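See structure below.
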Amino acid sequence: MKSVSLLNISKSHGDKKILDNLSLFIEAGGFFVLLGPSGCGKTTILRIIAGLEKPDSGKVLLGDEDITQQPAYQRRVNTVFQQQGLFPHLTVFENIAYGLVVRGLPREAIYEKVERQIKIVNLLGLEKKYPETLSGGQLQRVALARSLVMEPDVLLFDEPMSALDARLKERMLIECLNLQHALKTTFIYITHDRKEALMVADEIAVMNFDGKVEQVAAPKQVYLRPRSRFVANFIGDVNIIAGVIKDLDQSTASLQTDIGNLSSMVDATSIVWSVGARIFASIRPERIALSYEELSGFGNKLKGHIESIIFSGVFMRYMVATSVGTTLLVFEDNFSFKVGDEVFVHFHNDDVIMLES
Amino acid sequence: MIEKQFWRWSAWLWFAFTIVFVYAPVVAMVVFSFNQGQSFGGWEGFSCKWYQQFLGSEDMVHALSGSLLVGCLATFFSVILSLLVVVASKWWRPWWLLEIFMVNFVVPEIFVAVVILNIFVFLKIQMGLISLVVGHTLLGFGTAVPLFRTAFSELQHALLDASLDLGATYLQTLRYVILPILKPSIIYVAFLIFSLSMDDFFINFFCSGVGFPTVSTYVYTTIRAYVDPSLNALSSSLFFLSLALVLLLTLSQSIDGIFSDD
Amino acid sequence: MVQYVVYLVKKSFKQEFGFVLAMPAVIWQICFLLLPALVLFWRSLFTIDSWGVTLANYVSCTGATYAAAIYNSLVLAYLTALACLLFCLPLALVINFHIKRELRTAVLLFLMMPSWTNFIIRIYSWFFLLRNDGMLFRILQGLGLLNAGSSLLANQVVTIVVMVYCYFPYMLLPIYNCISNINPRILEASGDLGASSWQTFWRVILPLSIKGIGSGWLVVTLVSFGEFAVPELIGGGKYAYWGNLVVNNFLLLSDYNAGSAVIFFGILVILASLLLIYAALKLLLLVLSHFVTIPQKLLRLNFAD
């Protein structure tokens, strides 16, 4: 297991600049997820790490070794591709054995390694089949086996689950997670699906449309303490309210916002705020409590009425129009509220995150 | 109802007419190649003597073997070089790389023939096998490059990435991934170019020089002088050769989907 | 030293694989076709009698006999293309709509088979069939369609017929490809909306196959422009064609300068005429569209080659 470092990577396709001076450090032995919208450049990053594309400038390090000039076939990095990329003219066995065959390993060694890998990914009995006869999940496992049998230092995943249905996706993700814990190989997984990212990652890097990394942190951190509007919006549903810092002390900030005065917790580790700064307050909808009467114990209380309701299965999505006008999205598992009801919304100071404007 | 019937009948009529049109000369030729007598007017009994004469005629056999030799060589060069160029375009693609071969397809054959003529005369090299192979290969490019281009574009490029990713060098990728997957196309293109070469007239006419006989030049000069019935035998034999090759081709692979962009 | 060269070759192979792979074909193409073509063009600017760059060769192309020959070739090319179109379009329709799907490729193959014989032999087989002492002639004579004096050969119509025989595959395949890509549901919809077969043809099938027709027309015209064997062997050699001019200059007179001028001039002529026709057709359709509704696709005549 090795770490991967990207130092000042820039890459353009023609006139379009995809990556601009990007630096990223991926820890050894962890499950790292690169999350971002389609077209943001995450596939490019993956291909640069794999060696399928060369950066215009910058360096790629595997552990301590500079592999920027190394072609793809020399790197101890393997990729699981989006459409699996299985060779249609080879059987499952031959597909998995491919990397070993071109390396020139003796037959017995190949046979032993491939058989072992097939057992690990649960493909016994399918050795002689051709890819066109396999199901989505099976194809995924063959692609995985094909890369794993090479015992790479780093395993890359290029949105491998995008072609699978939701149920299968979940199963495969859990299998992936267990695999990583067992092997301790560095996994680098790219996706645009935030649920996948939150589920499996040790660390998430969120990229925006312009190819810049906005935040790198553990999933819980990224979700509960987003660093920017983009991250807050991308990682989950969120209420974003513009406002100004009226008052500031060690632990609390008073905000004057569109929906009234709010109190927010001051996060000592992040940005240094000053009075008068324009900010965005972000509040997760599931952290808001709805009730008919005022409740105590919450730092923030507002009045409003229910504008609309949408049923979502686990919870109800309520749009609450506050007395000032702005609407708040609230997730509440109490289904009894009706449209037009006068309600109180409550949330703690901790749940109001201040974001830069 | 009546309209539909009308269309159906006219369709079949046209189809029948087409078949007659396309096959009448061939059938006539084959039939008369077995004709006993010399005249073309009537059937005089079955005989293989024209075939014997054809096989016995040194000129004819030389012409045939000449064409076959050129065909094989030109097919060999054309297919290999075209395939390499198309595969190369994945990794090195200046805008002109594949477009320059379009010329071979778009200009009248005479142009290519004359250009070749010019080179060899200019360099004072004798014309013959070499000039013919060069010319036919150029013709081959015109057919092979577009066809390989289509075939190669249908090959998932993720496969090439996967191969490199797993540790195969470019050469190994070519050998283990590209060639096996393109095999049906390669066979089809080879067949096509061989036919094209055997059928060719213009290049042979201009570039075969004095010494090198080809079927085209032989028949062309012979017809203008006199009509030899053993020509029927020669022609029929060539037709049977094409037939055999086509049968071979269809038997060796599934032919559905071959008739894509020609 | 050799080792170093080998090392360089191996290194370049790995680094610039695409480049090395493409080189043989590119070199072949440049050395044997592109460069010599330029040289040929250069030659056309000189004459054997005088010195210096001159357009004399091109000027002589416009002279009476030369112009007539080029004109004959033009006529031949376009007549052939037209005849091919009239022959292949119905054929493509028939194959696509009246023959079972599984049999279509086989039928195409069957029809193409005779085309995979030697060009001259194809001409010869017609020559043989049409002879004055041949069966066909006797039959037709017997039926009273021909008198004793006339002949099936040395006939301009028959020349075109044989040209079609030789070149129809170039027209058939593109058209068939286009038509076979038409979704049959569209035709059902057309009928469902009340169009007769004829209307469906003009409004749906034709516009959708215009690309194939254009491609086929282009190829057939270009290829049959250079034809001289068919008119000579079948048509009796009464007229001179552009091809004959080329043959004369290169093989008989060995005047490569004049010959190359003839070649380039001819190519220029045929390409220019194609452009002219394209423009004229567009204009015609534009005018017509004021009187009759014409589908946009037909109007735009988009033949992306």
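In order of appearance the chains are A, B and C, and numbering begins at 1 in each one.
Quick note on the criterion: a contact is a pair of C-beta atoms (placed from the backbone, for glycine too) under 8 Å apart; a residue touches a chain by one contact, two chains touch by 3 or more.
These numbers come from a predicted model, not from an experiment.
Common neighbours of subunit A and subunit C under the contact rule above are B. The greatest centre-to-centre distance from subunit B, using averaged C-alpha positions, is reached by A. When chain pairs are compared by contacting C-beta pairs, B-C ranks highest.
A straight line joining the Cα centres of subunit A and subunit C is 58 Å long. Measuring from the averaged C-alpha position of subunit B to that of subunit C gives a distance of 17 Å.
Chain geometry summary: the mean Cα position of subunit A and that of subunit B are 56 Å apart. Residue positions of subunit C touching 2 or more other chains, listed in rising order: 14. Contact with two or more other chains is made by residues 71 of subunit A. Shown for subunit B are the residues that touch two or more other chains, namely 169. Residue ranges on subunit A touching subunit B, taken from their complex, read 47, 50-52, 71-74, 77-79, 81-89, 98-99, 101-103, 146-147, 150. The part of subunit C that touches subunit B in the complex is made up of residues 13-14, 16-22, 24-26, 28-30, 32-34, 36-37, 39-40, 43, 87, 90-91, 93-95, 97-99, 105, 108-109, 111, 113-114, 116-122, 124-129, 131, 133-136, 138, 165, 170, 173-174, 176-177, 196-197, 222-223, 225-226, 229, 233, 243, 246-247, 250-251, 256, 259-260, 263, 266-267, 270.
The touching residues of subunit B, when paired with subunit A in their complex, are 156, 158-159, 161-169, 172, 176-177, 180-181. Note for the complex: subunit B touches subunit C at residues 3-4, 7-8, 11-12, 14-15, 18-19, 21-26, 28-29, 32, 39-42, 67, 77, 81-82, 84-85, 87-93, 97, 100-101, 103-104, 106-112, 114-119, 121-122, 134, 137-138, 141, 169-171, 195, 198-202, 205-206, 215-216, 219-220, 223-224, 227, 231-232, 234-235, 238-239, 242-243, 245-246, 250, 255-256, 258-262.
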